[in-house]
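Note that chain A is present in both complexes that follow, paired respectively with chain B and with chain C.
Coming up: the complex of A and B.
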């Protein structure tokens, strides 16, 4: 049913000869390892223009799409247009079979993390005017492609579920008393960033370790564990239990602090820092090293 | 065929809460959702959850505020249940680990909100809905409740007695989006619809792309009335290109609205000489549109919200997230230029008619959350009152479906002798089914009828399994038909036309002529839909097919909104009519109900219940 999508380097050449020139300049940027996330000179330059997007296509069921390819779409630019708006336009005006997940259009549902111009980004939060053209839109790398930009998220969800992602405290006050568990402002502040995760999977897709070790919990799941382990409302025994989960063989010690997850996270969660802090906590508790 | 005791359709705040409650009451419960739960639109809510938690506050005050806010169209038993249950249900979220904002002493914080007599809006930063959704999903994971995610529910499987009140709901038909496989889901005790709002009926909305009123439409076509659909809340400051909400906070801090000529129109054109930009949502929305309609809009589309004069320091301190929103979603730097804003559809007060236990008039069929109308919000929802509705009525529906005794409901449902029939509405076109001799939604897309067609193929669907099999067969045939056709019209074109008509004619301004125009266009959309086809030939993740289904639902839902807007000849809450500038209590203290009636929509009314447990709410002028 699914295929592993080609690595960025091995992608096919674009089919539209008209845009070969533009395309090769992108390749150059990629080869030289340069960040192609360049800001176009002035967004107003694009007013009234069309932008070219090159979108990854694959469908295991449809003969013409069994070989992965890129399709070109010319989309009229409007001010404020996001990468999501562009693929929606392409789908609704040119090809209704163009397939991608999306829902909220405001960076809260986490459906539309794609690989845009060589970087994991939320399409709805990415301004077209800020991207170098032609804009290349691909599914998240290192994940099974179901169709076009849709990847199989099951593995990501499995890792999230593996850290017991729910609050645990058997001794909450009686509900009839309307008493809360107290939490200091400082402690709430401490976990604040970690609670912002929208399960988009960008971090996992950007992580080299996750790419090499399929069982690695990954940054999002470890961050979820952090969110509970650092929450003072959970009792100390539970915290220890949580640390045991993340310090296992495929847990925090795998992280080589490359910061790629932190760089791509659309919610600006300091993932690498959270992983490091859990390592320190594990050491403090004298938990076993791997 | 899959089988469970309780099947919950939808995994937003309402669906997740319903599933947890049903599970706790001992039922084998499953959730079927077209989105993975954490993708649901509940995650977009920012402001907070109203609940009388503190000493000095009182559920009765919350009930009073809600009733006043509803412009006296809320039903007292529903309003009082909400206010009474909200404190415990909100506190339970805290016990489940929700990261609420905190006071110095470690207690949860509450803040003031529009229309509230006490600061009782409980919040978690500016992301209350996100946290509520995730906390509830965590509890679902903890309990091991089965989730069929990315399964699209296409229809209900009900029995087919002539009177909807005699019908029984046996389950649903859904398809696995990833594989295209269509399956029946048998519900031994109940089906709970928690499918969210219908915002996509409009072309500019703060709602997600997934908010397509699916639950509304399938319940409607199965015979459940939709209630008070004309009451739609519009928010005055949404970004033009996406509909993303810019919070009232900007105007609260001193942000100013300007038209294209640089006039501060709220004052200069006399829309609100006292409150100015801080007038209520509906007043500001209408003012903005008047400016645009009279040629003073920027690019003929929107107005400007300017906060530059507040200074960088203050903006960064208090409104930093607004800068990000304007930058990320509109490409505008709020520090150097004014932000474009226009009114956007925001919330649907009406919905699937239920009683205070979440039950509809069809036995075994429940609804909760934004898709339901209990009715708590009446003519107008107060900010912070939707989230408590999700948890209070989600929980009740779950418990009731699982067999818990919640007492006799006071709210009546369905067509009965307590309703009033409408006689004198003149409709510009015949609403309802487009095809002759079919009663299949917009459908008449060439195929067999739904909901009640079993009568015509001989067997009365008395046994549950049979009813489900037949329903599955119908959907399989419908899908084959949509996929087999290779010419015709595509759903996106119809949807765009429908959305534009709704935003042009059934938005904050409603005139008799305009609403009638909308009804004519909706009729055209129905007719065009008969030739709709799905171009994508693949069964794998076919979003073209899913959206084609959704568009059909939007047509039915949009029509009920327009019908309600036409027949309600008064100005109440969010419903404004050019020809009727007053609230008419003698005539209109009643709910509008529209029922599908086999393809020929019936309009009738049920009096609002203003008698509470201990007191009666006397309608007063809604001024603040």
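Coming up: the complex of A and C.
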């Protein structure tokens, strides 16, 4: 971990054409900060343990960043530091143009799924200490990169909405049930894991099938369908309606059980298991022995 | 999500070092499946051209399945099969065929279990078990398959 030999910084030299860009006020600050960057990011000037992170940079609107590259940042290490803490430090101390989504910092909002050291992970629950250095932080694969670590999530959300991720009922329940629709403990246990999805998109990004088939619902959406299809409070007709959605060509049958989604899910949802269970439900619904 | 922007090394197959067990199982299953199909058609081609019953003259010393010495007349089938079996490369390919078939069978059973929802949390271990078992069976078969050709 000791990074004694000074390493040439690939991140912005003050002469970088990026700083002659259009966004004047920010660029002014950056330009003046450019000299500071060079020294502050030099590991020899930082006291104590540092970690080297290599962060993917790309911005179609800035000429110097149109060609994707990796920028190195030396970040002082503190115990319990997460990958998100590291990129936040890099942004706050070295380069304010470094762009990424993050919000709650506690694995609830699902904003900061990145591709860290070759795996889709939630940056806020990825411990730096557990990663091999240098740490490569990239945007999620198989999604359009908007800027730096920010990817276009529209397609993911479209797929999520395609499975109608909300509670449905054919008719209004009886007046005494309106206040509270109770669920049995067993049924709650059954759908418990599937309710944990935070829509981070890590599973969809890891899925080889979703990468090749744009119409595939993907693990997250199918898991969402599972969450409602298995909920006893929804009537049988609605469950059949849900199964009709997932049993289509680009639904559950696309899954090739590679287990990539299950492996990367930051909330430990057994996605493949849920997809497989919906496959069996779909078969049971359609097989008739008469 | 195939509208992926070209990020060079980030793209799929160059990331093979980062593949997980389930991914390797999938790739090997596809690969062995195609190998078996290839073998099937080669097999049909060889047999269908060797079953005419026509007698051909061969040197008995060349063929492991023909008795005696010197030139002798045997059915085309014996001559073809004996000719193939006398080649070391064919014997090695047979070992490979066994390995491919055994893995495909074992992983097929694993996939059946996965489809039935049994032991999904042990899917990586069952893949490694298939690999190890395939290795053991393949190594154990070597003396049998290579008997008579240098062993």
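In the analysis below, the second predicted complex is superposed on the first by the 229 of 290 C-alpha atoms of A that agree within 3 Å, B and C clash if a C-alpha of one lies under 4 Å from a C-alpha of the other, contacts with A are read in each partner's own complex, and residues count from 1 in each chain.
Rule of thumb we're sticking to: a residue touches a chain if its C-beta (ideal position, glycine included) is under 8 Å from a C-beta of that chain, and two chains touch if they have at least 3 such contacts.
Being a predicted model, the structure only gives us computed values, none of them experimental.
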item	value
Greater chain A contact set [chain C / chain B]	B
Which of chain B and chain C A:233 touches, first, second, both or neither	first
A:213 touches, of chain B and chain C: first, second, both or neither?	second
Touching partner for A:172 - first (chain B), second (chain C), both, neither	first
First (chain B), second (chain C), both or neither touched by A:279	second
Chain B and chain C footprints on chain A, overlapping residues	none
In the complex, chain A residues that touch chain C	56, 68, 115, 118-119, 138, 141-145, 155-156, 204-205, 208, 210-214, 218, 256-260, 262-263, 270, 272-273, 276-277, 279-280
Residues of chain C touching chain A in the complex	1-5, 7-8, 10-12, 15, 17-18, 20-23, 25-26, 111, 114-117, 120-121, 123-124
Residue ranges of chain B in contact with chain A within the complex	35-36, 38-41, 43-44, 53, 87-88, 91-92, 94-97, 99-108, 125, 127, 129-131, 134-135, 138-139, 141-142, 178, 208-210, 239-245, 325, 327-332, 490-492, 496, 534-544
Interface residues, chain A side, partner chain B - complex	1, 43, 59-62, 78-82, 85, 91-93, 95-97, 99-111, 124-125, 127, 129-130, 146-148, 150, 153, 157, 161, 165-167, 169, 172-173, 175-176, 178-185, 188, 191-192, 195-196, 198-199, 228, 231, 233-234
